[in-house]
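Once you scroll down, you'll see the structures, which are given as structure tokens.
Paired with chain B in one complex and with chain C in the other, chain A is shared by the two complexes that follow.
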Partner chain A sequence: MQGIVATSLIGISLGAQYALLALGFTLIFGILGVVNFAHGGFYVLGGYIAYSAISFLGMPYALAVITAALGTAALGYLFERFLLDRLIDDHLATLMLTLGLYMMISSGILITFGPQSPAFAFPLTGVLRAYGFYVPIENLVVLAVCVAGIVSIYALIYRTDFGRALRALADDRAVATAQGLRPKVLFPTAFALATGLAGLTGALVTPILSLAPHVGDPVLATSFLIVILGGLGSVGGATVAAFLVGMVEAFSAVYLGGSKGALALFVLVLIMLVVKPSGLFGQRARGA
Partner chain B sequence: MSRPALSASRVGAFAEIASIALIAAVFIVPFVSDNPAIYSLANQVLIAVTAAFSVYIMLRMNLMTFAVPTFMAIGGYTTAVLGLRLGVTDVLLLGLGSFLVPALFALPLGALVLRLTGVYFVLVTFVLTEITQLVLFETPAWTGGSNGLIGMPVVTFFGSDLGDNRAVLLVTTGLALAGALITAAVTRTLRQHFAAIEENELLAQSLGLVVWHYKAFGFAVAAGVSGLAGFALVNMLLTAHPTSFSPLSSVNYIAYAIIGGKSSMLGSVVGGALLVWAGEMFALRGEYSQLMFGFLIVVVVLAAREGVVGTVSRLLGRIGASVKSRPLDPASLPTATESQR
Partner chain C sequence: MTVYQGGLLEVTSVRKRFGGLHVFNDISFTIPPGEVLGIIGPNGAGKTTLINVICGMLAPSAGSVRLDGREMTGMPLHAVSRAGIIRSFQQTNTFRAATVRENISRAVRFSGGGEDTWATIAPLVDEFELYPQLDEQSDKLPYGLQKMLGLILAFAVRPKVLLLDEPAAGLERRERMRVDSFVRHAQTQLGCGVLIVEHDMDLVRRLCPKILVLDSGRVLAEGTPDDVLSRKDVIDAYLGTADEEAA
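This part shows the complex of A and B:
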């Protein structure tokens, strides 16, 4: 019983991290129609920005995390505004552009910081003990920040004019533009929001998991899994799917061992893509 | 309309003949040089080009595939298992196996995934490469798991061993040539069909083209060509290991085809040769080659959509036209069928 509860906590904590990542990914696809291959790159970049801010500038961790989120958001904004925006309607071209950016980010990090993992540890350590259960404090902090992040995203998308504008653009760009919404301003902002989320997650999670130039690859694969499962472009679907994937990963890692759980997930997603490309919650397949 | 189509076909034929001739020319290398560095570079270029052909075939149908490493792995492991378990060493039999097994595997798979287009196809093929890795690690009885397969017997050609450096390069060249011939034959024979699918699949279907027929066939052939590259890779490394077929290696093959120029076969040859050679120049600092690939992809997508071959041939056509002082001949364009979206 204790094992199950502990594993569930790991699953929820993983799920919250994945949700934060996948929300950014799915927003970009839903609003801009872009599959962002550089998403894992922004995650790693967030980790390295936070690490540099702490080690070289002596910033406190919380401030470093905010710097990482803002830094990755700024890069995302510039990338969308000056490169991606020119070819925004060509799905394969934007895909190639983000792929190119990903290669540049990850090799840039490799060149700057070298292949070895830097010493980047979470500032709070320790274990919380209650009712016979043990919970690492860092996981709780990350979980709290992730949940706060997810709630803010929901509030932003569903409760503000900015969110309404983004949803209108995702729904029908021509009509939304005719109503006076400006994709030239909103698209880079949305992209920046999403990459900032990836950077935030990276800064939060890499001190606990690991920080190395290549850790973006599995993150990209997991983001893919989640958004396909939840339906490309669906915010609610991505959130549910993220927790689902987190749970499956936690339980299969503890009880099955190896990568059988991951294999099962990937096969599930493959079947999902073929049978219902719109995912668990996606309403319609976007014209792609 | 017939004249531009005809001349485009002529340009395509030139590119195909040039590609085949360039690859065949590598047969001379083992007889004029015994520099192992050149052998290694030639092997790598040819494997890259063969894998890029696979991407090229799929791009004919407006499908961008990430699944090349998957089929390379199937081809490579097929030959390793044939050699280790069944003692098959004949290079022709192994080559046939490395083509047919991935191609046959692609048929049922294609029935599922070819229903998807655009971004969804990209995603499903990316997921396939991840599954490939996991399957390779999770089936140690067949694939050696994380140790891979080592100690394959030396391949033979009618009884004579092909074990030394020189022979390995000859095998790779032979496989690349086979891949080029198959690619040329298929894309030439089905040029109109593929072009119709690329332009507008729905329209092609409503005009009576049995679209899935040609897509499945193209997918199977592309898988087979990847398998040949996989065999060449395993034969060169003397081992079949999951890391040789990593998911992100597919990005390199796509980069070769697109940076070289996706509208002709020569693009894959030029792209593969240029980029592998450039990567080799930075051999000591491998990370710089990834940086360069990424940068070049961005440049090509933004500024030179036709890639190296397309841009060069357009410039040459323009120079030729101005020398003869007549308007630009459509023949100088890469192909008349490339859709400008």
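This part shows the complex of A and C:
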């Protein structure tokens, strides 16, 4: 029983990280209709910005995480405003642009920092012991920040006029614009929000997992799986699917062995695609 | 209670062409506050393109669009909308994934409206029998109610000028009468000018004291419905000539 609870805690912690990451990914698809291949790149960049801020500028970790989130948000804003926005309705062009940006980020990091993982450790260590359970403190801190981030995003999307405007643009851009909303202001802001979330997650998680130029690849793949599982563009679906994926990964890693976690995940997505192609909370395809 | 005042729409020598294709040439008209102008013409005459140009979805190739003397020409859709020119679409123009209540709430909030705006909308919601459907997702409504909701959304933004693109298309006879109510309500509550592009001649006769006929991108006729609709060239443009039928 203790093993199941402990594994569940790991799953919840993983799920919260994935949710924060996938929310940005699904927001960009839902609002802009863009599949952001650079999302994993912003995750890695967030990690390296935080690492650099601590190592070279001597910032405290918390400030470094905020700097990483703001830095990746700023880059995302500029990228959408000056490049992506010009080709926003050309799906192939946006795909190539975001893929190109991802390659530039990865290559830039590789050239600047080299291929080896830098020494980037979480500032808090130790284990919390309670009721016979042992939970690493770093996991608890990350879980708390991720949950706070998810709640904040939900409040922003569902409780503010900014969120209403974003949802309106996601529903129907022409109608929303005809009512006076400005995509040229809202799109880059939404993009910045999403890339800022990726950067925040990267800064939080890479000290625990690993930081290297290529760690964005599995992050991008997992984001894809979560968004497909939850339903393209669905904020609620992405959140539920992220926790589901976290649980599947945790339980399969513990009970089936490490390498079978990814296999279990792909099987889950395959079953979903056969049974309900639109995903858990997905509606009809965009433009259908 | 806020008193709304419509605006004067001036369309002057507007042209639109796509490459070598001239959609329309030298279209000019004005719509004073509270007035209704009908634009009719066969399919392909350029009516919807004209609305697209006025509302900012397309930039004109020449000419100008002014609202209360302020230049609107070439301004983007959102800016023209914020200035007070609001359009409806031929198909439904609702947020499909949102409920009826959320649809209206968005339109009111986006335009900075408040309780007084809701008060002016309430009679329309009641007349269109949308109250029982307030928590229904809008794309689950029957087509006629979706179109009515689209009109309410256009009204909720408190326009100075309304551009209605075939508001009666696809509606049953009883539902078409609701378009009349809507236009009268917009006139009395907002004082706004209304441009109606429509194929339903009964509706045009009821609502429009003045109409303008477009044919092949030019103004074929202009005047009262009785005068214009009795002209042979207008009838020919709409129904085709005897020679064309024989061919």
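Operating definition for what follows: the second predicted complex is superposed on the first by the 278 of 288 C-alpha atoms of A that agree within 3 Å, B and C clash if a C-alpha of one lies under 4 Å from a C-alpha of the other, contacts with A are read in each partner's own complex, and residues count from 1 in each chain.
The definition used in the following text is that contacts are C-beta pairs under 8 Å (C-beta built on N, C-alpha and C of every residue); 3 or more make two chains touch, one makes a residue touch a chain.
These figures come from a predicted structure and were not determined experimentally.
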item: Which of chain B and chain C A:L156 touches, first, second, both or neither; value: neither
item: First, second, both or neither for A:V147, with chain B first and chain C second; value: neither
item: Contacts of A:R164 with chain B and chain C, given as first, second, both or neither; value: second
item: Touched partner set for A:V269, first chain B, second chain C, both or neither; value: first
item: Partner chain(s) touched by A:A221 [first = chain B, second = chain C, both, neither]; value: first
item: Most chain A residues touched (candidates chain B, chain C); value: B
item: Touching partner for A:V175 - first (chain B), second (chain C), both, neither; value: second
item: First (chain B), second (chain C), both or neither touched by A:L95; value: first
item: Of chain B, residues touching chain A in the complex; value: 64, 112-113, 115-120, 122-124, 126-128, 130-131, 134-135, 137-138, 247-248, 251, 254, 258, 285, 287-288, 290-291, 293-298, 301-302, 341
item: Residues of chain C touching chain A in the complex; value: 55, 76-78, 81-82, 86-87, 89, 93-98, 105-107, 109-111, 153, 157
item: Contact footprint of chain C on chain A as seen in their complex; value: 161, 164-165, 167-168, 170-172, 174-184, 283
item: Interfacial residue positions of chain A with respect to chain B in the complex; value: 29, 35, 83, 86-87, 90-93, 95-97, 99-104, 106-108, 110-111, 217, 221, 224-225, 228, 232, 258-260, 262-263, 266-267, 269-270, 273-274, 277, 285-286, 288
